[in-house]
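There are two complexes below, and they share chain A, which is joined by chain B in the first and by chain C in the second.
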Partner chain A sequence: MTALSSPRNAISAAGARPASASKQRGDRRGWLYSAPAVVTMGVLLFGPLLAVMLFSLTDWQLGQEQFSFIGARNFQELFADTVFWKSLRNTFLYVLLVVPGTVILGLIVAVLLESSNELKGLYRTAHFIPVMAATSAMAIVWGTMLHPTIGLFNHILYGLGYSGVSWLRDEHTALLALVLIGIWQGFGYAMVLFIAGLKAIPQNLYDAAEIDGADSVMDRMRLVVLPMIGPVLMFVMVVTAVRAFSVFDTVRVLTAGGPNYSTDVLLYRLNTESFDYLRTGYGAALTVVFLGIVIAITLLQAKIMDRRVHYS
Partner chain B sequence: MATIEILGIEKRYGDTSVLKNVSLSVEDGEFLTLVGPSGCGKSTLLRIIAGLEAPDAGALRIADRDVAKDRPKQRNVAMVFQSYALYPHLTVLDNIVMPLRMRRLTAAQRFPLLGRWMPGTRRIEREIRAEAEQVASILGVEPLLARKPGQLSGGQRQRVALGRAMVRQPAVFLMDEPLSNLDAKLRVQMRSEIMALHRQIGATFVYVTHDQAEAMTMSDRVAVMMEGELLQVAAPEQLYSDPDDLRVAEMIGSPQINAVPVHALNRQLCLAWQLSQDTAVAAFRPENAIITRPADAMLNGTVAVSEHLGADVFVHVRLDGDAGTIVIRTDRTSPRHTAGTAVGVSVEGRHVLRFDAKKKRCRPSQDHGALVA
Partner chain C sequence: MTPLSLGTKGKVLRCVILSVTALFALLPFMWMLSLSIKTTPEIYQAHFHILPESFAGFDNYRVVFASAPMLRFLLNGVLVCAAIFMVQLLVCIPCAYALAKLRFRGRDTLFSAVLIALLIPPQVLSIPHFVLLYYAQLIDSYGALILPWIFSAFGVFLLRQFFSTIPDELIQAAQLDGMSEADIIWRVMIPMSAPAIASFGIFSLVSHWNDLFWPLIVLRRAELATPALGILLFRDDETGRQFGPLMAATATIVAPLILAFLLAQRRFIDGLTIHSVK
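Coming up: the complex of A and B.
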C-alpha cells in the first residue's frame, strides 16, 4: 500500500534492505505503477503536440506522400504575412472585449439572481440556454436577427427613426457583432459558476461588513464579494479567455473572416490554411503559435491563483 | 451613556414565531448575558439589537434614542461573531482598521489606488493605524499584524475579532457565542480577558452563550430565554437561589435541580414542606438533600448509582412510588452508598422551591395560603 503512493514511500517500506539496492527497486516499482498514466498522457497529450511541432517544420501538404524539413521557414512566412497579424490583432481584440463583458455581465446577473427569490430557477435556466445550445445553430439565428433587411435589430433601429446597419457586412461593426454574440453565449456559464461562488460566502461576513460600516453595494462588493469569489473569478476569466481565443464557429457561419479580413481570427486562419489550401505544415506553425498563447494564459493564471486568491 | 431598552419585540420567520413579546432593559456599562438552549432566539435578538435584522413589532432604544430605522453603522454598536467573520484576504492590521476606515474616510478617499492621493487620506490613515496598533497591543496581537487570518490560531483570531470591535470604541458590544469555537482551557482564559476588557472600557456588553457556567461567572445579570420568551432576568446568585420558573431552575446549576411531582409525595411531607394547594412540583438542589437511614425519612428510595468526581460524590437515588430519580451531592468523606441500598432522603422545608402546573414559582404570599388538605 505504501508503495502505491510514490517511489519514495516504497523505499521507506523496504526499510532494512541495503540502501542502493532498495532504492533501485523502489524507483523501478514507482515507474511501473505510474506507467498507465504516463503512457496515456504521452499518447493523448504530448504525442499530438510533438507531431504538430514537427509538422510545423515541414512543407507537408495534406494527402501528399513526401515532405521535407524546411526549418523555420513556415514561421518566417507566417510572421511576414499581414493577414496573420490582422487575424492575431482581431483575436486579441475579441478576447479583450469578450472576457470583461462576459465576466461583468455574468457577475451582475448572478448577484441579482441571488438577491431575489422569485422565479430564481426559471431565470437561471433561461440564462443558461445559450451555453447549452449548439453554437452553429444559434449563429444562424443571430445571422437572421442581424440581417440588413429582414433582421430584428435593424427593424428596431428603423422604428426608432435611425437608418439600418449592415452589421456583419460592415468592416467596422462585424467584429463587434461577433463580440456581442460571444458574450451572449458565454455569460450563462460564468453566471452559474458565480452563483456557486456566491452561495459559499458565509452570511457572517456580510454581517461583519455591515457592522463595520460597509453598507453600500460597492463597499460590500469590494470587501466581501470579490475577494471571496476570487478563485471562481480567476477560473471564469481563464476559461472564458481560452474559449474566446478559440472562437471559430460564429466566424465560419456568419462572416467567413470578412469583410476585408476584419473578422479573421487565429483559428479561422488555421482552418483556412490547413483545410482549404491544404497547407498542413503552415497550419501547424499557426497551431504552435496558438497553443503557445493558450499555455501562457494558463500558466499565468496558475501563478496569480497561488499568490493572490488563496488566502491561507 | 448607552442603555438599551427593548420593548415588546416580536419576530417571526414565516409561520414560526421566534421572539415573543421580549422586553428587556440593559443599563449603561452593564454586562448582560443572554443564555438559553439552542434555537431559542438568542442570536435573533442580538441581530435585532445590532440592526442586522428588523423586528416585526416592538421598539428599540439605544442610548435613549429610537434606533428602529437606523442601519447598523449608525447605531454605534460592535459585534463579535462566533465564527470570527474576519476578512480572509486582509491582514490582521487591515481587519482591525476596517471599521475606522469605513467611517473616517470618504468613499473617494477609499477608492483603490487613487484614494491615497486625495487630500487628507494619508494623515487619517496614519491616525487610524496608530489607534489600531494601540488596540493590538492591549490584546497582545501586535506581532501578528502582518499575518492573514488563515495563519492564526483560534484564540488569536478571536482576539483579532475583539480588536476589530474595540477599535472604534463603541458604546455597545454585542457578542454572539464568541468563545464556543475555542478549547476548554482557552475558553476559561478568554473569559477572564473579556471580563477585564469590560472593566477597562466600561461599555455596555450583551453577551450570548448557551454555556450556563459562562453566563454565571461573567455577568452582572443573566437573561434566561426559552422558546422565544424571556423567562427571568436577574443576577447570577439570584437566578440560582430564587428562580421564577422551573425551566430556569433546571437550566442553571449542575447537576440539575431535583424536581419531584407533588402527587408522588405523602401528606406528611407536603405539610412539612408547606406546599400550597397550587404547587405541582417541589424542587430542591442536590447539595441541600441529606442521605439518612430509611426509617428516619419521609422520602425513601434506592441508590441507583454513585458518581465519584474527586471531591464530590453524586448519589443518584430512585425514589419509591414512581417519583423519579433525584441526585444528591455529598463529599468523599461521607459513607459510601452502593447501588441497591435502601436510603432515606431529608430536605429542609426552607430549601424547597415550589412551582405550579405552569412551571411558575409559587411565591411565599401564596405559600402561606391553604395547605394541601
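Coming up: the complex of A and C.
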C-alpha cells in the first residue's frame, strides 16, 4: 500500500527495437501476457464489485427469477433497523478497543525486543505464533478458557475468592472477551511491523539525542522513537483497524451475535442476512456500508500520509 | 542500534515484561495442550493443574482421528490451498512480468486497477461470488472454494515489484542467447524471484487455510470442509462436546502452520508482512 510508485524502467526489453511496428507488437504481447489476470480480475473482482452495488438497489432474493429496482429502499430499511445500528455500534466499539490495545502492546513489545539481543529471537517467535493460528480453532480454545465452570479465568477468580462470571453469556462482558481475543491475535503482527520501523531509525539520531542530554528512556521515546516511527504507526493502525472491522470468526464461533445482540457485528449481520435469510438486496446494502467504511479508513490514511510527505 | 540503552536493571525489567507478554501470547496454546491430554473428570476438577494426573493424550488424539474426518479436513486444506496457489501463480506471473518489463498502451491503467483491487476486502465480494457459483452449479464443491481466489491483486503487485528489480541487461543477455520470452520467465524471472514467490505462497496458504468466512457460505457437505470450518463441525459433533478430544482436534488443526512457521520463521514473517515493505 505504501509502495505505490517505483521507478520506471528506463529501457525495457521491447524498447530496444525500432519504433512503431515493435510498439504494436509490444502492445499485443503486453495484453496477451496480462490476459488471464485481466479476465479474472474483471470476472471475479470488478464485475462483482459493480454487481454488489447494483444488487443493493434491488429487492432481489437469491433463487427468484424476478426483481425490480427499488432505489435506496434497502438503505432506508437498513437505517431504520435497530439491530443494524446495534451491530454498527458494536463493530465501532470493538475497533476502538482493539486498535489501541493492539498498537500499544505491539509497540511496547517491539521497543523492548529491539533494546537488547538477549533471547530476542525466542521472544519474537513466541509473540508471533498467535498470528499464524486459525482464528476459528483458537476461538474454540478461548471459549474453554472463558467457560463458566472449567475455564481458566474463573479458576483464577475462584482462587482469589470471587464468584465466577459467564464471560460469553453476559451482555456486559461478551464483547470485551472478543476484544481480548482480537488483541491477543493481532499484537504480534503489529510488533513485527514496528520492529521493521525501529530498524530503519538511524543510529546517529539516538547519539544526537544522547548528546543533547536526552538519556532517560522516556526522552528517547519522545524525541526519537515516536516521531520517527510515525508513518509505520499510521500504517499499523490502519491495518489493525481494517482487520478489526472485518471481525467475524470469533463472533460466529463463540457468541453468534448474542447475548441480546451485544456482540452482533457488521460482517456477522451481512452473513446472516445474505446467506441465512437469502435477502440478497438487503445484504448487498450492508456490504456497501461495510465497503464504504473500509475505503474511508484507507483514504484517510492516504491523505494523512500525503500531508506528511509534503509538509514535513 | 537500540531504541533504549538499558542498564542491568533495565534488562531485567525487559525480560520480565517480555516474559509476561509472551505468556499472554502462548497461554491459549498451553491451555489447549494441557486439556488435550486430560480426562473429562479431571478437566472438571475444582483445582487446575497444567499437567494431568492421569495421561489421556493417546485416547483423546485417537478419538480425533478415529471419529471425525479430521485427516480429511487437513487433506482438503492442503488440496485447496495448493490448487489456489498454483492457479494464482499461472495468472499472476505473466501479468506481473508484462507490468514490470514490457511497454504497452494501457499498462499504467492496468497497474492502477491492480492497486485499487488491493484495497477491496474479500468479504465484500461474497454475494456476487455466491451468485456466480450458484448459476454455475458449483455451490458445495471444491471449485467453489478455489475459483473466487484465482486472481490475486496482492500476487500481481508483489511479483511486479520484485520483477522490476531484476536488471534489464540480464533479460537482454538471455535474449541474445536465443531464449524465448517464455523461457526467460520460466528460467530467469521465476528462479530469481524465489523469495517473493515463497512470501506470496505463505501469504496465500495462511489466508486460505485459516479462512472460515467463505467455506461457511459455500459448503454444505462436511467432507469438503477445510480445517478452519472442519473444527467447527467437529465441535458440533458428539465427540466435540468433550473438551479433551475437542482440544486435541484444535491442536491438530493449528499444528501444521505453526510447525511450518517454526521451521521457516523469516519467510513466514516476510510473507505475512511484506505488503508494508517498500
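Methods note: the second predicted complex is superposed on the first by the 263 of 312 C-alpha atoms of A that agree within 3 Å, B and C clash if a C-alpha of one lies under 4 Å from a C-alpha of the other, contacts with A are read in each partner's own complex, and residues count from 1 in each chain.
Criterion: a contact is a pair of C-beta atoms (placed from the backbone, for glycine too) under 8 Å apart; a residue touches a chain by one contact, two chains touch by 3 or more.
Given the structure is predicted, the values throughout are model-derived calculations rather than measurements.
Novice: State whether A:T255 touches chain B only (first), chain C only (second), both chains, or neither.
Specialist: neither
Novice: Touch check for A:N90: first (chain B), second (chain C), both, or neither?
Specialist: After superposing on A, A:N90 lies clear of both chain B and chain C.
Novice: Just chain B (first), just chain C (second), both, or neither: which does A:Q301 touch?
Specialist: It touches nothing on chain B or chain C.
Novice: In this superposed model, does chain C or chain B come into contact with more residues of chain A?
Specialist: Of chain B and chain C, the partner in contact with more residues of chain A is C.
Novice: Contact-wise, after the overlay, does A:T58 reach chain B, chain C, both or neither (first, second, both, neither)?
Specialist: A:T58 sits against neither chain B nor chain C.
Novice: Pick one for A:T263: touches chain B only (first), chain C only (second), both, or neither.
Specialist: In the superposition, A:T263 touches no partner, neither chain B nor chain C.
Novice: Examine A:A134 and indicate which partner it touches, taking first as chain B and second as chain C; both and neither are also allowed.
Specialist: second
Novice: Touching A:T240, do we find chain B (first), chain C (second), both, or neither?
Specialist: The answer is neither, since A:T240 touches no partner chain.
Novice: Quick check for you: in the superposed arrangement, does A:V224 touch first (chain B), second (chain C), both or neither?
Specialist: Touch status of A:V224: both partners.
Novice: In the superposed arrangement, which partner chain does A:T272 touch: chain B (first), chain C (second), both, or neither?
Specialist: Neither partner.
Novice: What part of chain A is shared between its chain B contacts and its chain C contacts?
Specialist: Comparing the two interfaces on chain A, one with chain B and one with chain C, the shared residues are 215, 224.
Novice: Using the touch definition up top, name the residues of chain B that touch chain A in the complex.
Specialist: Answer in residue numbers: 47, 50-52, 71-73, 77-79, 81-83, 85-90, 98-99, 102-103, 107, 110, 112, 148-151, 164.
Novice: How about chain A: which of its residues touch chain C in the complex?
Specialist: 1-4, 6-7, 9, 11-16, 23, 26-31, 33-34, 36-38, 40-41, 43-49, 51-52, 55, 62, 105, 108-109, 111-116, 118-119, 121, 123-138, 140-142, 144-145, 149-150, 152, 155, 158, 184, 187-189, 192-193, 196, 198-199, 201, 203, 206, 215, 217, 220-221, 224-225, 232, 235, 239, 242, 246, 248-249, 252-253, 267, 270-271, 274-275, 280, 283-284, 287, 290-291, 294-295, 298
Novice: Within the complex, which stretch of chain C touches chain A?
Specialist: Checking each residue of chain C against chain A gives 1-6, 10-11, 14-15, 17-18, 21-22, 24-29, 31-32, 35, 43-44, 46-48, 90-92, 94-95, 97-107, 110, 113-115, 117-121, 123-132, 134, 147-148, 150-151, 153, 156, 161, 164, 168, 171-172, 175, 181, 206, 209-210, 212-213, 216-217, 227-229, 231-232, 235, 243, 246-247, 250, 253-254, 257-258, 261-262, 265, 268-269, 272-273, 275-278.
Novice: Provide the residue numbers of chain A that touch chain B in the complex, in ascending order.
Specialist: Its residues touching chain B are 202, 204-205, 207-208, 210-216, 218-219, 222-224, 227-228, 230, 311-312.
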